[in-house]
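Structures follow.
Shared chain: subunit A. Partners: subunit B in the first complex, subunit C in the second.
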Partner chain A sequence: MIRGLVWNLRDYLRSPFRVVVAAVALVAAAAAAYPLVRVFLNLFVVDGRVDFSSLGQITDVPGLGGILWNTFSVVIVSSILALLAGAFLAWLNERTDATLGAIGRAMPYLPFLVPPIASAVGWLLLFHPTVGTGNAFLRNVLGHVGIHLGHGPVNIASWWGLTFVLAVVHVPYSYMVISAGLRNLDGALEEQSRVCGAGTVKTFFLVTLPGIRNSVGSAVLLLVFFGLADYSIPVIIGTSAQIKMLSVEVVQLMTQKFPPQTGAAVSLSLVAVVAVAVVWVLQRRLLSRGHFYAIGGKGQSSAIVRLRGWRRPCQAIAILFIIVSSVLPLVSLVIVALTGFWSATPAWSNISLRTFVNVLVNDSTSASSIQNSLVLAVFGATLGVVVAALAIEFVSSGRRSRFTGFVDAVIKAPATFSIIVVTIGVILGFSGSPLYLGATLTILLIGYVVVYLPQATVTIESSASQVGRELREASAVAGSSSSGTYLRVVAPLVVPGLVAGWALLFVRMLGDLTASVMLAGPSTSVIGFRILSIYSNGSFGDLAALTLLVTVIATVVVFTLLLVSNRIGRRTRTATSSVVAVTGAEPAR
Partner chain B sequence: MTIAKSVAALGLAALALMPLSACGNWGGSKADATVESVGNMDALVNAAKKEGSVTLYSSSVEAIDSAEAKAFQAKYGITVNIIKIGSGELAARYQTEASAGNVQADVIASTCSDAPTFKAIVDKGWATPAKDLGLPALSGAGASALAVDGVTFKYVLMPVAIGYNTAMLKGADVPKDWTALGDPKYRGKIVFVDPDTSGPFYWTFLQWLDNTYGDDLVRAVGAQQLSYADVTTARNQLGAGQYAVDIPTFKVSMNSTAATGAPVAAAVMPKTTANESCIGVSGPKAPHPNAAKLYANFMTTPEGAAAINSVDGVLSPFGGASASMGNPDPFPTSYDENHLRGLLGKRK
Partner chain C sequence: MDTSDRSPADVPALVVADLKKHFRRSGGGTVKAIDGVHLEIAQGEIVVLLGPSGCGKTTLLRAVAGLEQPDEGMIRVAGRDVFSTTGRRVQVPTEHRDLSMMFQSYALWPHMDVKKNVAYPLRRRGVRRSAARAQVAEALRRTGISGLEDEYPHQLSGGQQQRVALARAIVAESPLVLFDEPLSNVDAKVRVELRSELIGLQRKLGFAAMYVTHDQGEAMEMGHRIAVLDQGRVAQLGSAADVYERPATRYVANFVGAANEFEAKVVDVAGESVLVETALGKVRVPRSNSPAGAAAGDVAWVMFRPEWMSVTEDADGARWTGRLERLVYLGSHAEAFVRVGEELFQVWADPRRSLAPGATVHLDVAQERLRLVTDDIDRVAPDTTGEAGR
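Our next item is the complex of A and B:
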């Protein structure tokens, strides 16, 4: 690795642009590694000696057995449900004639636009066993057929409610990975299976499912990771159901105790890290066994399964999923925001925009939270995208060595830990001496960038990987410098990736709760922090208005950027075609 | 300009503008300041005006702090940043920040029941004991406002009331005093703020009820098929008509819920006790120590008391309150949880 480092340095010192690229990549790696190093130093180094005894502090957590049981039972069952739903929707859209076209492909991603906190609040307002608006409606309907209930029939404030909401919010992860797997699977294999006499179901289980085993494994890993890391849903639904989850306990140990119980919090978080590692090992073992299909290559086709009489019911199920996952919780938020207060029977005569005026104008804390979150999301997303793009340039453009591989791995390392662990590391690293950045906007910015940088890197990397070396070489042969090549050739091709990465970071940072709840201070309130504060002390009308505003801002920004990205994508494709025509070079596929 | 250049320029411009967007707290801590004496009011006012603002962490009702802040701001032109925060989190956050040498709150306002926090912040030198602030109103007869061995002082009293749904209870059905809660007509219609999850105030209130009316009333209340919920959920359930009665609550809280259009009101009890909120004043390490001292002093003046008394349902211990607010009993200083739990029939 040392030899790789020397090679890379020699290589990079030749051009000022490449010096900047290398410096940014190394700073990004240091920023990603520092919080994690602080966590492990805090936990395992006592008085300058390695000491694992602090792991024992986990036993000080009251009700530990119950917390672990709740967490793992909810995460396992919700992951299974999300996997099944995501796989079914992906199969419908990619492999059957029940697809709803572009709308169908976009719809499973809609829950991404509704921040999990908004979704959790929406579900609670809708199906609280006694005051839920949806329950009151259902009781009314059931009353007409002679069934009179005092509460329910749905109880979202329960183990099943918590599991269900977690599953619904996480379906996009499994959909995203499995639909990509289905797109890459050669449809001819399924076609041959059917020609040999196998039916749709048999083909699915004997050909399709084994063929996307890799994607299913990745989906399970993602679902378990995000299930264990999620804080919004456990804190809203879990607390109402009096079900304590690991993420909520860790945050409470850090924010509701003095002094903060860092040792116990980190030890508890490491349980989640170990669980994800176990799933990862199982996934690797599963992949190393058995045989895989060779993907067909350029002649690849996707055979469409004709569902005949099942087509309409399947489409109805897909539409129902969208209504249930995204529209229903938003409807309840709209009702409560417009009527001003939470009620089983909405006071329609009370409709006004008062709650929106409250959170935007009258309530200075909410207004400044929106302002802080917008500023942090814009700057954080910009900083994250610039850093990620330059770090990818460092890793992918120069001479590949173990050192560049190491830098790449370090930048992505936070993604393998729970957001909670990384955030604790940021607190340990930056809140006290010598910087004293605790409860400032700067520590929030650092935290957001460190936590979300790996996601930006992965998003931009997929665009950057399409830029072949031939294009760079053609530019260099034509006399362009490193910076000129990057700005004129590479950057235009990765713009769609940059825009997508920016949109992803913006939405995540705007609605972030997990990192914000530990990093924000009362004088540096951000939206997630404020939502939680209103949930504990304020009016549900204001709560609904604020969560709706976040959803609207996220949706408008994402759709605008997608439109811009598509336009830029079309223009750059045209420009690239010209480059290809002139130079004969081809972008990598 | 090419697309790439535009994107790069926008990105760099956004990053360059970051330090200029002075809309928040981006920096770290600062050195200790000199704190003027209340005896030299002109010097204190000038120093406070130079600091320009004061930050208040408060677990109290927002309407009270807003009224006080508005009057203070009108008199001195000093901005009051009110940060609403739950009492448990307030205690942890203040101490965590202070122990890192990064005191953010100039003044804290929390329930006087949270004596350990007030003691701790004074013992560690982060806050000045109220008795040592030199506030004229806290000497002589005014010393009765001091609490927790003089480390803090009471600045507002909120008489405990019964919240009720105005659509469900009218006329004679509205409870007139605490003994009404034992009436079987309220069975299954009462939501009680859960003392296990909502803080010691609620156990202490039950202790007052037990001390004043005896075990039989608390036992009778416990037999009413009570539903337990946190403060916010209880208030929302009352507004939603799920329950007819919400206890214990305050007139000021019910007023703010009623302002959203919810059909709720508070029944003011002729004999009751009051939740007492206390003040802690940070020392020289705070960002605005002079403004903090001036703000604390303002609360004890007739103008400050008038601002508190202007809020319907609360009263200042520094006089001027309407006679209609009555004279609430002192709040008990301790409670017997096991005894009260047994009377209510409430399991842990």
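Our next item is the complex of A and C:
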């Protein structure tokens, strides 16, 4: 066994390409593990012994009970709302004749096009109880029917407002996961149920829903994870509603206390980690109890439910919901940015591009933030994609072993913890001795890459997994070296995934708030950092302009790259899927 | 096995000696995927690895390709050791083994057109572009798909994709071509067509092949010899006739073709026959049809094929008498299921004969057709080894 291992190692060293791939993967794993290890060492190792007593510092957090109650009540209710809405939209689009067309296809991309910070600011500008533009409009309408209100009628700066915005922003996640589940569920199962005499509703509850339980479970996990991790909506809407959420408190403990209360911050973050873990365990329990069988991807037809009279209303509700939830906040951002001020009744006569000139030119801090963010996003996305691609190559090519599995798990480990914990680790690991990178752009770059690498890995992995093992093996049998196989077979097929991964990383890094607020400083300001400082003491016109800029840049980049990716992928994707269909098919007998 | 004194034409295309490969199960325990396999494939010979899924046939093929790494043993391709754990360890990477392989999924690269797919093995082996072009055209012509050069895999039908994969497997004229269930993904008609074309190609080009399948019809048609695999071991290696007429073990008897069998206990070994005691009375089996070293007290099974037995209405000289339970008309013959005591026998009968279920019938089978088989791979009848020992 040992001799075999030594031989494998010698094999490895013979190919420079594989050495490079392994080195990159190991460096990536080390970079992912280092911050987490530092957090652990800092808090739980005292005088060389493991000691969890610093978890007790959580009690130093003022108003702990209220924070936990707010956080869990908001996240649970918003997750339920997002789940129901997402499931309804997905079912409508995948299983009925009320399809959503291009809007349905665009849904999963919405969170990338409209960053949560833009939604949060937009909703606040719209439905602030007194100065909200939308509220003023509604009061005006109500005034015509004889109802006169001094404020409201909607108050986004409230528990319900916070919950609603969180839910709306996260609907695309549940929609995406449940759509995929429905697409993979063989329509014949539903047809069989109909043949057996069950109606549309019965079939949905008895066959469809149990069939996609797995996806529903994943959706819940995703919603709870993102709900607990989100910082932008709690900081914008929660703060104006005077509802303190966990993520906001943790960031405050790290940035507004001196010295930073790392122990309390990490202990509080771990509450979120534990909550996600509990959901995960519950999900596994519930799902493993059921009798599941994987449903093959062969010759599927989906049973289309005819909604008859309900079709148009359903379609209208769905499309209205999507447009309102994504477009309306942007409209209010545009109004405030163009008029320069936030007021209940927009000063239409003041329309100009003054605020954009401000943030791009006049205000040097904003201008340099934009510049820094663009540079960091371009470099970070490129670095992240290259590292992720090579790390996946290391894990997925050749023989799977415990070691490659371990490396894979370590690289993805930061995804398990919230961005906040990982960022704290980056601060502990890189800002002080021995590297002293604090308040540099380098630490921001490292932070972004470590925080977002798992996401890039997952995106690229799903496209790399389409490259069946036999495609590589056929190349090796044909006499190609491992670098040749990568360049000629793997890379061309993974390019669409690389492009998508790059777009994802770029957008995430450009609009990042959580890591930025902890890693950036006045001399290394980035967009997210700047948005928050304008929010606390600046002009709402500039805030709207900056937020819109992020949205526009993100949209342009994502659209351009998706077009490029589609063009590259058009030929290979159809071909790849046909190969997958062939590989996955049972031998015809 | 010293190959130095053999002339090049005598060098076997493949020698596998004492090959072992164990997998560790996730839940603990090990699976012996390859358990001490010996195998030799001569130049120009097709050897089929036959067995149900999980018998180790694909693992063995992949080990020869270098896609799986055996634990120990030796693999020699065209006189060159590509894997060996005896003495100086040798482990040649797949890309330097100079083999060709046709995959079950065809494994056509979707981003390359047909001519690029087929030219790939040539280009990687240093053939110049201009020279490769002619060879590609020839390979496409031989596999009957000239004119598809510029198509992409997804634009082709399943049968055409298969021919492209075949063209890619033969284009480099490797001495040994590996086939991993290459015909299992197309419909029956195309499969039969491709089988005979593949045989034609092999006879013409003369490459040696290792061919994996779970289909016994395909195995019998394709293989000069068939290696029946049972839990990582070669249960029998011989011609189609050897395997069918003289199965080495109970497993082979049942996997290849239909078999009637019933338990027996050896009572006496005398002269040229072995006397066994069964539920149907004492039966005498020729010694050459019995396991080597059979001795009184051994437990074995008396085995014979349905078509070796006949149904008679004449009680005289019949071996057994039973009741006809079911008669299935199959055109070329009828299959009769006859209950004798506790045993249910399957017998071929004349399809034009009128036999009514419930009728009493008499069965006869010549003594020299009876075989005695056991589950023990190491104890097989002397006549089963046939060519296997060569």
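Just so it is clear, the second predicted complex is superposed on the first by the 547 of 589 C-alpha atoms of A that agree within 3 Å, B and C clash if a C-alpha of one lies under 4 Å from a C-alpha of the other, contacts with A are read in each partner's own complex, and residues count from 1 in each chain.
Here, a contact is a pair of C-beta atoms (placed from the backbone, for glycine too) under 8 Å apart; a residue touches a chain by one contact, two chains touch by 3 or more.
All values derive from a computational prediction rather than experimental measurement.
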item	value
Which of subunit B and subunit C A:G484 touches, first, second, both or neither	second
Subunit B versus subunit C as contact partner of A:I317, first or second or both or neither	neither
Subunit A: partner with more touched residues, subunit B or subunit C	B
First (subunit B), second (subunit C), both or neither touched by A:P492	both
First, second, both or neither for A:S475, with subunit B first and subunit C second	second
Partner chain(s) touched by A:W342 [first = subunit B, second = subunit C, both, neither]	first
Contacts of A:I76 with subunit B and subunit C, given as first, second, both or neither	neither
Which of subunit B and subunit C A:L100 touches, first, second, both or neither	neither
Shared contact residues on subunit A - subunit B and subunit C	488, 492, 571-572
Subunit B partner contacts - residues on subunit A that touch it in the complex	130-131, 240, 255-260, 339-345, 347, 350, 354-355, 365, 368, 371-372, 375, 378-379, 382-383, 385-386, 431-433, 435-442, 487-488, 491-492, 495, 498, 521-525, 533, 535-541, 568, 571-572
Subunit B - residues contacting subunit A, complex	2-5, 7-8, 10-12, 14-15, 18, 21, 23-29, 55, 57, 81-86, 88-89, 91-93, 95-97, 99-102, 104-105, 230-233, 236-237, 239-242, 256-257, 260-262
Partner subunit C, residues of subunit A touching it in the complex	3-4, 7-8, 11, 14, 399, 468, 470-471, 473-481, 484, 488-489, 492-493, 571-572, 574-576, 578-579, 582-583, 585, 587-589
Interfacial residue positions of subunit C with respect to subunit A in the complex	65-67, 69, 71, 89, 91, 93-101, 103-111, 120-121, 124-125, 152-154, 158, 161, 168, 172, 178, 181, 184-188
